[in-house]
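Structures for review follow.
Shared between the two complexes below is subunit A, which pairs with subunit B and subunit C, respectively.
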Partner chain A sequence: MWSDLTNLLYQAYEQYSFLPLFIEIALFFIFIAIFATIFAYGVILFRRWKGYVHDKRMKFIRPKVEEMITEQVLINENLEQIPVEEIEFDQAAINDKIFKKPWVRQVVIDILIQYRKNFRGEVGELLRKLYIDMNLTKDSFEKMKSLKWERKIKAVVELTQMDVQISDVTILPLTNSTNPSLRAAARNAYIQLSKNEPFKFFDVATEPILPWDQLELFRIITTTKDIAIPNFSRWVSYSTNKSVVSFCLKLIAHYDQQTAIPAVMDLLNNKDHYFRANAINCLGKLGAEAAEDRLTKIYATQPIHCQLEILKALGRIASGNNLEFLKNEFLFSSNFDVRMAAARSIIKHNTPASRAMVEDLRATTYEENKLIISHCLNPLIKH
Partner chain B sequence: MTTILIIEDDDIMLKAVRNILTKAGYNVLTAKDGKEAFDKMENCEYDIVITDLMMPYANGLEVVSRLRSDSTKRHVSIIVVSSVGNEETITEAFRLGADDYLKKPIMAGELLIRLRKLIENRSTSNLKLVTKKK
Partner chain C sequence: MMDSIFVEYLSRFFEYTVFVYGTTLLVFYALLAILSFLNIRLFLKKESYTDYSVIVASPLAPGISVIAPAFNESITIVQNVRSLLTLDYPNYEIIIINDGSTDDTLEKLVNEFNLVKVDYAYDVKIKSKPVRGVYKSLNDAYTKLVVVDKENGKSKADASNAGINVCSKPYFVCTDVDCILHEHTLQKLIKPVMEEDEFRVIAVGATLRLSNSCEFDQGVITKIRAPRPLLARFQEMEYIRAFVLGKMGWSYINAVPNVSGGLGLFDKDVAIRAGGYDPASFGEDMELMLRMNRYTAENKIKSAVKYIPLTLCWTEGPSTLKIFMRQRTRWGRGLIQLMVTHRKLFFNSTYGRVGMLTYPYNFFFELLAPVIEFIGIIYYIIIAYLDQVNWPYAIILLVFVYTYSVMISTLAVLWDQLTFQYYKSWGDVIRICAMVFVEMLLYHPLIVIFALRGYYFYLTNRKHSWGNMQRQGFKKAEGSDNKPATAS
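On to the complex of A and B.
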């Protein structure tokens, strides 16, 4: 049979070379299409089979794991009777043969994490103790050694959720990984786990902190309890990583670190205008009155977005020393955005002098400027 | 025995709270989404509702609103449990008539204390439990 098939293929091949070119091309594409279809069906079937096996396994194991966690943690008789660290689990239950299989241990970790997301306090601590007592930390640390970044991220997330310390030697290199997802996960973990120096990775960061990662980091920093907040001006002064400096400026403004004002003012000499814009924005949010003179002095030499930031900053600082400067910009600038920003800043002062100035401008200026003032005075329009 | 209706779409959380409350001696009913919740709210008797905020079909605020607009269910106390912890949502929940608000992750002990307080408040204000004692 095999020899017949081989002969048939051989004959087909011999005839193939005598066929017209367009038939040859058509046959070639037909073969490719057939192979691609068979391959695609094979992949789909394999994935479906894998999914089916996974679902079947989950249906079998999840109730068992949940039952074990419920008995050992949620309805543990000793809970709230004795300190969590003194509670002993039923060794027979947690060392059951079934919990030795790697895939089952992964299910246990996943479910423990889900519980930890929903419970804190003693239940949360007991869930952590169960994770440690079942030696699941070992599984997570094994995953950290994997070459696949997805597995590394999973490990980092597991250890962070379970509040298990990861040594700096292991985690710090990951905070600077070339893979953005791994880098972000490691940085988030580092801030949550490092009790003394949660921002140490800023020192070694050469890869950028992407805008979305900055948002996530900001959320973690502002919501993690008992986090040691350093003076961020040290990175503003010495970091060569632009995104670190930009992120630190946001943190300085958020934590109102007045002592950082001189370091932020130094950035006004920076050649990068985005840096300067960020620094001006930060000075405004800090209400840095000491920076006002400097800002008005450099105003004329700045690109437009830096000028707009200066006008906004003067409105935020609202010392009243630069009302005339703002008025001049409002009246004589040819740029609409500048006039708008100047008007907003004058109104933002909200002092008797600024209110008198606004009334005076409304009475004397031309129609378009009046419209700008009316727009800026409208409390329903948020700026 | 006090009957508590738990409305929660997260299976793990639902089972966990059910187990904790059962262990604490409460009679527990459960609903996995807004639809099932409305069904049980109509057809079952209960004294306290613990509801999540974000669920399929109807959110927790709708549950609170419906309970408070039904004059026959005025006696029911409501605890909202959610990971949404912003002030607007909490204020809205209280405005609609929720009695208490817990932010996830919750503390099991705190939940039990708050439940006990609600039950005590009910008894001091002479409200009778709807469910009959077994």
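On to the complex of A and C.
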């Protein structure tokens, strides 16, 4: 039978080599297409089957893991009786052979992380102790050694969530990784885990902090307990990394760091107009009255989005010193957005003088400007 | 004698040209399949540890305006707006544009959402038909909602332009009011913008699917199913291939040709500077994309258009052949119109990848493909009539094209399954897979004919009527209380 098949294939090959080139190509592609199609269907079947098995396994193991965590942690009778460090777990329960399988250990880690997000205080600490006592740290550190960046990220996230120290030597280089995802995870971890200098990576950051990463960093910085908030003007003045400076401007505004005003004002000389716009925005949020003169002086030379930020800032500062400036912009600017921003800022002052000015403008200006004032005064319209 | 030699050379030339053309196209498809696979794999890796809840609670989330034009959508408008109000994002507004509806679309909105006309300072940044009024709600629960009432502009583009003029956020999402968006749509669409450092991301798209057989409750999708009607199921298959395999592949090399009109996030500043949507265009979504790309290239802005492989939008596909024909004819007409209008881009290196790759690809393999196919069929018939067909070779070539197209579509289904197993039942997967085998025989000829019809209409300058698609409404989920919406 084998010889018949070999003969057949040999004959087919002999005939194939006598065919025109385009038919040879077509036959070659037919073979590839049929093979790839069958393979693709095989993968679809396999993936769905794998998904089914995974769901089934999870249905089986999840209640067991949750039961173990509930018994060992959530309803542990020693909780709040003795210090967490002295609480001993039932060794037989946590060393059950089922928890030796790598995939089950991963499920345990995932559920512990999920629980720790919901429980703080002693329960949170006991969850951490369980993670350490089950030697799950070893699993996480093993992942850190992986060459795959996504496994490294998983490890960093697990250790951070469980508040397990990662040495500076290991984590600091990762904060400048060329892989943006790994870099972000490492920075988040560093801020949360570094007890002495959580913002040290700002000094050494050569890679940008992307706006998406800023979301998480901002959340961590503003919600982590016992984190020493530094004066962010330090990086505004000295950092050469633009993203660090722009992120620090947001933090300065959030923490209302009035002492940072001079450093932020220095940025008004920066050549990058997006940067200047960020600085003006920050000054407005700080209510920096000291910056008003400077802002009105540079106004005429700025691009439109910086001008709009200046008008907005004057409204936020609302000292009343620049009402006439705002009025002039409202009356004489040919740009619709400028007039709108100026009107908003006048209204935002909400002082007797500003209210009188609004009434006066309403009575004397032309129709479109009247509409702008009505628009800005309407509480139903937010923008 | 000379004549027959000439004819033979001509036919030989034609055969080889078509073969080279076809093979090049298939090689392109294979490359796209590989690129989309790489892109999807990268996306899934990132997605596995991305925590979207961070943006939902963040004061740093960029603002997004959702623009949804509506024309005579009285039957479903309330449900559609309620669906948009369920979007989970901290900083967004919804702008519904009543494009001069002749039914009671506006009245329904006013009554349902307690709207009042406000003194709104409307600035015409992009031209559109006059705006008659802007409405806001007195109810605090609907502060996100803005309704713009304007004169009918006879195109979605005109209505969208009015929406862009009103929007107050730096980004806008353009959709159709009858589209059902996933509640996490805005979080998912803004992420590619926020994680890009080198390029300015001017647009982001995501996969669309057909809602024809899905179940909904209060405007929220509760059960995803492959469409039961054959025509809709063919379209679903086509969408999967176009979005998951095609656009994800193009996205990997930053050469996305267009972001669908059904769902796309755009950089407002660039869209306005590029002139907004062109109301005269029959393919306004692709036209805008091309113009935005032109604008950034001419102004030396390093820009990118991104795609994500997640299905975030469900839209009702044409359910009758007549409506389907009208839609595809318009698409065909839009394509040729676009190619003519932007011919300057053709192999023009000033426009980077758009000029050197995207435009030429669309010209050769999107615009010319139906023409070449049609000529090929005519040629086949003639030589068959003259008894000059080498049937064994002809059959081999047909099998070649057939098996290859089956392979590409199967890979698209596979990539889709790798991304997210939207179909929970085996039956749905089998239904879609079955389409792969008959699509080329039943559906593809229709696409070719309707595209040619569009070209013909363009060349003969035939007046186009937009027509209004009869909505079937959404199938309600069992046990839900909301009334099923059915077209009158």
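One rule holds in what follows: the second predicted complex is superposed on the first by the 348 of 383 C-alpha atoms of A that agree within 3 Å, B and C clash if a C-alpha of one lies under 4 Å from a C-alpha of the other, contacts with A are read in each partner's own complex, and residues count from 1 in each chain.
Rule of thumb we're sticking to: a contact is a pair of C-beta atoms (placed from the backbone, for glycine too) under 8 Å apart; a residue touches a chain by one contact, two chains touch by 3 or more.
Being a predicted model, the structure only gives us computed values, none of them experimental.
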{"item": "First (subunit B), second (subunit C), both or neither touched by A:Pro83", "value": "neither"}
{"item": "Contacts of A:Pro173 with subunit B and subunit C, given as first, second, both or neither", "value": "neither"}
{"item": "Residue contacts on subunit A - larger count, subunit B or subunit C", "value": "C"}
{"item": "Contacts of A:Gly320 with subunit B and subunit C, given as first, second, both or neither", "value": "neither"}
{"item": "Partner chain(s) touched by A:Pro303 [first = subunit B, second = subunit C, both, neither]", "value": "neither"}
{"item": "Contacts of A:Val123 with subunit B and subunit C, given as first, second, both or neither", "value": "first"}
{"item": "Which superposed partner A:Ile34 touches (first subunit B, second subunit C, both, neither)", "value": "second"}
{"item": "First, second, both or neither for A:Ile75, with subunit B first and subunit C second", "value": "first"}
{"item": "Touched partner set for A:Gln114, first subunit B, second subunit C, both or neither", "value": "first"}
{"item": "Residues of subunit A at both interfaces, subunit B in one complex, subunit C in the other", "value": "none"}
{"item": "Footprint of subunit A on subunit B - complex, ascending", "value": "10, 12-13, 15-16, 19-20, 23, 104-110"}
{"item": "Touch list for subunit C against partner subunit A, complex", "value": "16, 19, 23, 26, 45-46, 48-49, 51, 54-55, 57-62, 93, 116, 118-121, 123, 136-138, 143, 168, 191, 193-197, 393, 396-397, 399-400, 403-404, 406-407, 410-411, 413-414, 417-418, 421, 426, 429, 433"}
{"item": "For the subunit A and subunit B complex, residues of the former touching the latter", "value": "66, 70, 74-75, 79-80, 111, 114-124"}
{"item": "Of subunit A, residues touching subunit C in the complex", "value": "20, 22-23, 25-27, 29-30, 32-34, 36-37, 40-41, 43-44, 47-48, 51, 150, 153-154, 157, 180-181, 185, 208, 210-216, 218-219, 243, 250, 254, 336-337, 340, 368, 371-372, 374-375, 378, 380-383"}
